[in-house]
Amino acid sequence: MSPRLRWRKFVSGFMLAMTGVCALVAVSVLFFILGYLVYHGGTSINWSFFTKLPTPVGETGGGMANAIVGSAKLLLAASLLGVPIGFLGAIYLAEFSGSKVAFVVRYAADLLNGVPSIVIGIFAYSLVVLPFKHFSTLAGGFALGLMMVPITLRSTEEFLLAVPRALREAAMALGASKWKTIVTVIVPAAYRGILTAVLLAFARVAGETAPLLFTAFGNRYWSPGWNQPTASLPVMIFTYAVAPYEDWHRQAWAAGLVLLGLILVINIVARAILARGIAVPRA
Amino acid sequence: MAATTSVPSASPISGSRSFVRRLREGDEVARLITFLFAVSVVLVTLLLIFALWQGSALARHKFGLQFFFTRVWDPIAEQFGALPFIYGTLMTATVSLVIAVPLGIGAAIFLAELASARLSDALEFFIDLLAAVPSVIYGLLGVFIVVPLMRDYVQPGLKATLGFLPLFSGPAYGVGFLTAGIVLAIMVIPYIISVSREVLMSVPRDQREAALGLGSTRWESTWKVVVPFARTGIMGSIFLALARALGETMAVTMVIGNTPTISASLFSPGYTIAAVIANEFTEATGDLYLQALVELGLVLFLLTFLLNGLARLLIVITSQRGSGTAHA
Amino acid sequence: MHASVRPAVSLNITPSQTGAIGREPIAALPMRMNISELNFFYGPKQVLFDIGMGVAASKVTALIGPSGCGKSTLLRTLNRMHETVRNARLKGEILLDGQSILAQDVTQLRRRVGMVFQRPNPFPKSIFENVAYGLRINGSKLPISEAVEKSLRHAALWDEVKDHLQKSAYELSGGQQQRLCIARALAVEPEVLLLDEPCSALDPISTAKIEELLVQLKDLCTIVTVTHNMQQAARISDFTAFLLTGQLIEFSPTPQLFTTPGDARTEAYITGRFG
């Protein structure tokens, strides 16, 4: 073997090994994140974390009960807005629309998807906070719901389109109207993908902080109804992490663990649902 | 109803069945309702653009194009210039790409060319989970893990070895452009990896085999043939990552220092567009202040809009080339 | 070309009368490559059974047979290209100039045994850089531009592209792209050139040009080509091997295989009764 070939083979082995190192580094970040969260936050997860309200500034103890409930309300509002628009809009794109309208709607959805979440926050502020002159759960829900729309829309459309033509034609040949076909045949056939899409959209907005900063804003207490500002888990993590109190840092870690745990579980469940599906495209 | 194999069309179905019958069977209603929902997406997007435009009107008229070149950000004197934030946004994005691109492409090469199908899918699964980690969690780790690491080890180390460069000069507190860039890099790597992996896997087998058949080593066939073949798509993934990096708010604001400074040093604290909006929006007194922030939001929107559009174009071009419908 | 209707020929024909049938290498001709007891597996599934044959130096050897008979698989073992597939296994011996190809470095081997693929697959580079690729990585005795010109001349492509060397290879027609791939393979001066159905994606005119080319090239290197076109095999090759479901049924000088095939199955294939 010539020295030149020996060198080339050495370079080949070395560079390929380096790519393995890159992959290892990238994947290990996930485990580092989880590790740190468990290490720093694990011990702070207790009953009071889930049930107590935040204590006055400087005092130790207290929990994030209001933030947890707040996040739940925000996500409920977001889902009520984002899922129907995404789902029904996708049905229109997949089943009824012509190519021109479809192009415009898809383009708008992709555009919306790429908008930085802080800008969505500005938009929600001008639409829902400014006119009513106060922050509210509704405004936060609106911002998050808006972010759910593109993900739900595009994924649902993809899965609806993937339903085999043969299925549609079978239903139509039996005399079913278009709408009946959609409801009884097409949507059930695509349900796994649609469910996955909704779950992934949900998980995505569950962790969003920026759009809430000037819509739901924050609250040290309970937030009754939908018209008041409310605490939320992500915003609490942010507020506590940048504050100078040790006890707050501890709680921020715990909240981070809870939030990430929730998001990862939803992601894994969503992918598992999809993986067991037959003949549905990858999300 | 057109009970044929044609693609569903938007034009009213003429002939076969009467309008009333269609109505009774709910199709027209269904069509109308779903149409309204679909079109609401378009409307809301237009409304968003309008809100940004209108909401920044005062600032736009007052400052005009000078907004982009003014360094001063002084709410009290009502002087608002975007330059420090544009600088900070671009600086942190650049640092993040410098770190994330080689790492990401390297990992993508491993997943696409070297790993077995099972290993590749398993690792991709973890990478996708990484992409799902919210910004504030990265910020949390940034504040408590990365910043001390930078302050106590990395920055002093860099100063000692490369301190003669303006990049690594000046006081080092742990926060700053470099730290924000590193955290951003970790956040955008999954996007580079997943897209690049997919485009690499779509390169036709016989390209690689042709290179091997000429006596290339495995690395040579990958680096000199497969990667160049996929270069457009890989560029697309980089633009996608860049768009993400530009819009990142929480993680950045927690580790950048939040000071509107323009400095050549990576150790200097700084500010980005997204971070200043996040921090000052609710504190903004007076319409001009608020509208200047909205104008910053408009700038950010336009930047990410352009980048995302470019990215998608590049990715589409690559997939066309792979199937042989376009020329190199 | 049809075999005339004759009674089936028995297998008891001595080599001295007809050259060779079956596994014995053709005496008196120098062999560039020798295959013996070759068995090939994809995972648990065996696809080549006990193949033994020789590849005569500076001659064209054709591998024919119906789809799925293993002819491409056999071809790809000759430059160890099968190793790019994960669970491919090879048992047996393949010699190049008397040395086992399995024992030597695969990168070096592939420089000596080149390959042209079924569909033209030029790199996304200029015409010049496509041909120069092998020279740049392996080193070249001649200056690169000279070596590129030489290869393009050998591939009968020089006159058509000499003023357009910097253009993208994708701007060439299908037939030209395939000749470019041949030039690319020839640039590293291989001893053997393997071609896997090189004309199946091309029009008749391009096919004719390449067939003419292959006959001329055997002075330069030994040619082994897989083809599903029997007429092509009959036109251009000196020796033909007929494979069926992974077995080598017959291996003879071409005129003999097509006029007086030794095996009933060969006759059935070449008269179009199946395949």
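Note that the chains are named A, B and C in the order they appear, and that numbering of residues resets to 1 at the start of each chain.
Assume contacts are C-beta pairs under 8 Å (C-beta built on N, C-alpha and C of every residue); 3 or more make two chains touch, one makes a residue touch a chain.
These figures come from a predicted structure and were not determined experimentally.
J.: A-C or A-B: which has the larger count of contacting C-beta pairs?
T.: Of A-C and A-B, it is A-B that has more C-beta pairs in contact.
J.: Could you work out which chain's C-alpha centre is the most distant one from the centre of chain B?
T.: C
J.: Quick one: report the Å distance separating chain B from chain C, using the average Cα coordinate of each chain.
T.: 49
J.: Using mean CA coordinates as chain centres, what's the gap between chain A and chain C in Å?
T.: Centre separation, chain A to chain C: 55 Å.
J.: If you average the CA atoms of chain A and of chain B, how far apart do the two points sit, in angstrom?
T.: Computed value for the inter-centroid distance: 16 Å.
J.: Which chain A residues touch at least two other chains?
T.: In chain A, residues 8-9 touch at least two other chains, as defined above.
J.: Mind pulling the chain B residues that touch 2 or more other chains?
T.: In chain B, residues 217, 220 touch at least two other chains, as defined above.
J.: List, in ascending order, every residue of chain C touching at least 2 other chains.
T.: Each of 107-108, 137 in chain C touches at least two other chains.
J.: With touch defined as at the start, can you tell me which chain B residues reach chain C in the complex?
T.: Residues 116, 204-217, 220, 224-225, 228-229, 321, 327-328.
J.: Residues of chain A touching chain B in their complex?
T.: Chain A reaches chain B through residues 8-9, 11-13, 15-16, 18-23, 25-27, 29-30, 33, 36-37, 40, 84-85, 88-98, 100-101, 104-105, 108-112, 114-123, 125-127, 146, 149-150, 153, 165, 169, 172-173, 177-180, 182, 200, 203-204, 206-210, 213-214, 217, 234, 237-238, 241-242, 249, 252-253, 256, 259-260, 263-264, 267-268, 271.
J.: Provide the residue numbers of chain B that touch chain A in the complex, in ascending order.
T.: Residues of chain B touching chain A: 1, 3, 5, 8-11, 22, 25-27, 29-31, 33-35, 37-42, 44-48, 51-52, 55, 102-104, 106-107, 109-111, 113-115, 123, 125-130, 132-141, 143-145, 186, 189-190, 193, 217-220, 222-223, 243, 246-250, 254, 274, 277-278, 281-282, 293-294, 297, 300-301, 304-305, 308, 312.
J.: Quick check on the complex: what are the chain A residues that touch chain C?
T.: Contacts found on chain A: 1, 4-5, 8-9.
J.: Show me the residue ranges of chain C that touch chain A in the complex, using the header's touch definition.
T.: 105, 107-108, 137, 139
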